[in-house]
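There are two complexes below, and they share subunit A, which is joined by subunit B in the first and by subunit C in the second.
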Partner chain A sequence: MKTPLRALLLTVLALGGTFGLDPFRNYQLAAAAACFAAVAGLTVLVGLTGQLSLGHAVLMAAGGYGFAWAATAVDGPWPLALLAGLLAAALASGLLGLLLGAAAARLRGPYLAGLTLALVIALSAAAGALPLGGDQGVRAPFFPVPEALSALIAVEQWHAWLAITVAAAAVTPLAVLRSGPAGLRMRAVLDDETAARLSGIDPGRVKTGAFVASAIPAGLGGAVLAIATQQVTPGGYGLAFSLSLVVAAVAGGLGSIGGAAAGAVLVTVLPWAADELAALAPAELGRRLDGNLAVLLFGAALVALTLAWPGGAARLLHRARALRFATPSTTTER
Partner chain B sequence: MDRLLFLLAAGLARGAVLALFALSLVIVWRAARVVNFAQAAMAAAAVYAAFHATAATGSYWIGLATGLAAGALLGAAVERGLMRRLPAHAPLPGIIVAIGLVMVLQAGLAIAFGPEHRPMHPPFSQRPFVIGGVPLLSPYDLFTLGAAAAVMAALALLFNRTPLGLRLRAAAFAPETARLAGVRVPRMVALGWALSAAAAALAALLLVPTELGLNPHAVDLLFVNAFAVAVIGGLDSPAGALLAGIGTGLLVSLVTGYASASAAPLAVLALMTLVLLVRPGGLLAAKEARTA
Partner chain C sequence: MRNPRTLSTAAALAAAALAAAACSTPGGDETVPGVTDDAVVIGTHQPLTGPAAAGYSAISAATAAYFAYVNANGGVNGRDIEYLVKDDAYDPAATQTAVRELVTEDEVFAIVNGLGTPTHSSVLDYLDQQGVPDLFVSSGALAWNQPEVYDSTFAFNADYVTEGAALAQYAVEQDPGAVVCVLGQDDDYGEGILEGVETVVGSNEIAEVQTYAVSSEDLTAQLGAMMTAGCEVNVLGTINGFTAMAVGTAAQMEWFPRWYVSSSGADYPTLAGYLGEDLAPALLQGMVSVNYLPSSAGGEWDALFREINDEYNDGAPYTGNTVFGMSVGYLFAEALAAAGDDPTRESLVAAVESGDLAGNGIVPLSFSEDDHAAYRAVGVTVVDEGVQDYAGPVYEVTAGGVNAIEASPVPLENEGIPGE
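Up next is the complex of A and B:
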């Protein structure tokens, strides 16, 4: 019961924190919450089962499209439309995750990374070929502030509340799963597939299950982004965004959910800060720096972090804590 | 029928470039057991070097040579500077560092040279020969086919028939044993990276004049398709890369011609998924060690 209680406390704290932020910061907070859900899924997938997915943005997009479709189709009070949208988002991303997971169970590292990379590249083609509105994408319904609260908070803050609640609901089961028997099975498969199989664990099923468990939070993250931006476009889920999710997972430390939160805030705020900085530069240089400076910094951070500590920054914290309390670490270096 | 012949001929030239780029991925995989996700960005950087050399001297050939040299240097530098410092036997750090390198190179190129598409001019005409009323290959397509075939043949000779090739293979397959037998393994791995990056640069140099123009992202789609090709052929197998490259080139050409250009990535993705589901190691992969 420890994990859900801590999640509840953090959620309430985050909800309260929105009162201290202006509307733009609340919008950024909603975007960061969306990234957090996706990065949490990704970090558990990579850190616990060693399956590197470069295509989590596509899972987010699947969730976003599912949300937009169902929330528009349901004609009823807003909580009903919201729930239907979230359910559809979880279903759409879960199904895509199941498909990918079935493939992933048979593939080793580089093959899976390449397959998910091809998926990201194919997204805009798929948006044109399937009824997904092409490059313009689809509109997601707008959720206004409810009557009772409308005197109290602005719409950005309301969306931040929705985002935090959905992200918490998406990530908490993942955190429970990670510290329970399922997480143990994932670590066993990562360490030694043959030994895991001898202990009665089916590596294929564990890997597929991990992919689904990682895809659903990502899809809900896509739904959150659809709530905050009221649209879903294939351009919003391109390769750069997908790679920034990987950056967030690595920067936070693979496998660490708290690290995922820090990484998500980093990849939301740093591009904005870099573009602000680029706007200060003279016109021609500013135009070239715009959007590129953040990518350059992210790439350099990714290379430097991985060279310095292949386990990520959170692993370092973990090690420091383990030293202080002199308890042996159970995680293995990978 | 005429259309089919034209599309097949165009697919052949496209397939040769794909096969060459896939071969570069196979070389680095065999040398270092890393899939180099930065290959596209490194090739794009080499093409920028070629573009500026051509612009400065006016000669396509000096540009070509500069591009190849820049690719080889960059490959060796990436191996010496980054990949060597990573722990062996764990694939994840290598992939993540390569992705970081992609971001640094592409953003760096865009900042240095701007995001515009710069047109590159081919050294030969792109107007196809008309044989029996059917437009077939252009002189530039023939040059592409010839260059790709010559480089692939030279690489096959180098790896299979020369003492250096023997050392390269030994260093890749059994580093410890090779070291005991007096092979300088680190030097061989760096050489493998240089050869691979130069081959990728050549493939990119052949491709870019037929497309929109030079841009930091001009080689991305080629990389994704070539990765699919390398996987379909079995990452370990040069012959597989060649066969799958030609096959995929023909497929892309036919899908582009009969459906639409935007359907081509979907077709490649579907083909790769299908092959991986049936044969997870690719078509021509050597059998893996038993796991149970």
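Up next is the complex of A and C:
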């Protein structure tokens, strides 16, 4: 089946699925959709071009700030404000991605990781120095449930719908890109830059392009979070969150879009589940650990997951499918 | 998905999901959220981890201990108070998740004492949209007192402008002509303190204004600039960790100016925890702050709170945060008692707005229909040989200026358990 058609089907399924969830789960779903968009961008970047970015949270923040600014500035009917916000989010993150990509084309491995890491650490200071509202951040407009739907769905479900739609619109082009000629060029650059150059591929341009293609979905993910929470703060896009995006990409299986979805759900739900588990522990223990029990559980769960399934969720799915149809796979997933 | 069976499975799944519509559909429920025949469930967001955890994490434990005391003595109007505490690590993004979970998942009756300006700002609109009473916010930002916009949000702290003005007034009376400087957090907290100081000394009379972000690692640059400017009186709008850092950094520079600190960052036992028990009495000698709660050792409230702390809080260190947490608990219990036998969210808000709540402060509460600020007057405290206590002066801050008034402490009644 063609990628866009499959995306459409999955989107409709996800939209229908929101009816089965209570408001808080729908809020979590919106957050997971935001992460999904960013992780999909990241997993394609790392999996196909081998460029490790630890700073995708900053690209999300750029999108979030862009969204908040434009959606507030546009004084019109809500769909117009929403579209303007999304456009600004894509622009802001795309531009930052272009800058980063230009640097990335000249840097390798740990140096690029270091650059993107520095970006995350600088975010809070930048938010204070630029007119971005400091640690308190900026408000994003609230999109209430449209009149026609207000009897049917709650606001969290409405935001989940917006989140799913935006995430789908962000990830589908990425999936198309990945399976098309651009994806082939990226793989060629990853395998052997000299060989790729001999075949007439400019590795610098491919790497920069991949960075931009990866930044835009991340920015739209930031916009989705801004829709769900009506706020953009530097604290929300800190180092821990940025690393959890990498965790999601690895846990899901590098390079796989389906894996990105699984990973995004994992990093959204796991901290919450660890919190719930910690709440079950005796109050004495919880107090002695000063609230850090949940962090401990989260870490332990991640270590266990990585040990059990080093290939990530995508490899697991792949294996399950292979068992079911008992046909040897002919493609090599990277 | 090339085979038709997959497609039909998918379609069936979608149909099933649509059929489950009832789960998320709003409205229709007549009962009051969080209130049953024998319990009232309320929630809060607190920094149990992260940069603001030191000191502040003791507040919700104290509140919970007070509620345990009330519950052990029959509760309020026959209902136990269940207090759900969520950690937000002083991170607005985490606050949003925590509060949504409290409201939609745990279906709390009200949010009580949500802590922090940047954190609570991020859920202000949400709580208003959901119609959840947002009582006694643990922050002195002016934002909580906007009855025409946020009709069920109420402050607990004296606002920062009031604190800044009272601190400056005391400074001017103690040392006329001293060089006054301000160090503030780079949000509503620091700005409020600065505004208060400006109303008293005039905005051109402040020699140096410095700010910091909660994410900062040190204050060397800020303190250096203030020392160079020749500051003699430093008014601080800082949280505990940064107050200690400011005092410690200045001491390292061998600079010992006078410190005038907002109540949110001037809890002596907490500061001593940062600076060390041996150095704190010397470094903090003469530190001026303000307060409005019955924190004096030996008072009747103090005796009761210490007893509750020993019995229901495992004898945790007894600090200003303990007094704060228990006082908030007392005020909520009083509001709940006044909300009637069958409390609703509306009757709870009406009870606070009635102006009949007394609280337990050393000055009267100022709640009314068009004033959602709790305390508009504060008493000056001074640290002397490691003991922080009221020094006497009490200032009321109004639009007209700062006036000295008499303290009017609320006497302890019915062993600290409100009833009708």
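Everything that follows uses one rule, which is that the second predicted complex is superposed on the first by the 282 of 334 C-alpha atoms of A that agree within 3 Å, B and C clash if a C-alpha of one lies under 4 Å from a C-alpha of the other, contacts with A are read in each partner's own complex, and residues count from 1 in each chain.
Just so we're on the same page, a residue touches a chain if its C-beta (ideal position, glycine included) is under 8 Å from a C-beta of that chain, and two chains touch if they have at least 3 such contacts.
The model shown is predicted, which means the values in this text are computed figures rather than measured ones.
Trainee: Taking the superposition as given, does A:L54 touch the first partner, subunit B, the second, subunit C, both, or neither?
Mentor: It touches subunit B, and subunit C stays clear.
Trainee: Quick one: is A:V12 in contact with subunit B, with subunit C, with both, or with neither? Answer first, second, both or neither.
Mentor: The answer is second: A:V12 touches subunit C but not subunit B.
Trainee: After the superposition on A, what does A:Y27 contact: first (subunit B), second (subunit C), both or neither?
Mentor: second
Trainee: What is the contact status of A:V295 with respect to subunit B (first) and subunit C (second): first, second, both, or neither?
Mentor: After superposing on A, A:V295 lies in contact with both subunit B and subunit C.
Trainee: Just to be sure I read the superposition right, which of the two partners does A:A125 touch: subunit B = first, subunit C = second, or both, or neither?
Mentor: both
Trainee: Would you tell me the residues on subunit A in contact with subunit B in one complex that are also in contact with subunit C in the other?
Mentor: On subunit A, the residues that contact subunit B in one structure and subunit C in the other are 124-125, 128, 292, 295.
Trainee: Could you pull out which subunit B residues touch subunit A in their complex?
Mentor: Touching subunit A: residues 29, 34-35, 37, 82, 85-87, 90-93, 95-97, 99-108, 110-112, 114-115, 220-221, 224, 227-228, 231, 235, 262-266, 268-269, 272-273, 276-277, 280, 291-292 of subunit B.
Trainee: Which residues of subunit C touch subunit A once you look at their complex with the stated criterion?
Mentor: Within the complex, subunit C contacts subunit A at residues 1-2, 10, 13-15, 17-18, 20-21, 23-27, 48-49, 53, 57, 61, 87, 90-94, 96-97, 100-101, 104-105, 117-118, 121-122, 125-126, 129, 186-188, 213-215.
Trainee: Mind pulling up the subunit A residues that touch subunit B in the complex?
Mentor: 46, 50, 52, 54, 103, 106-111, 113-115, 117-119, 121-122, 124-126, 128-129, 193-194, 197, 239, 243, 246-247, 250, 288-289, 292-293, 295-296, 298-303, 306-307, 310, 333-334
Trainee: Can you tell me which positions in subunit A touch subunit C when the two form their complex?
Mentor: 1, 6, 9, 12-13, 16-24, 26-27, 31, 124-125, 128, 134-137, 139, 142, 144, 150-157, 229-231, 233-238, 241, 272, 275, 287, 290-292, 294-295
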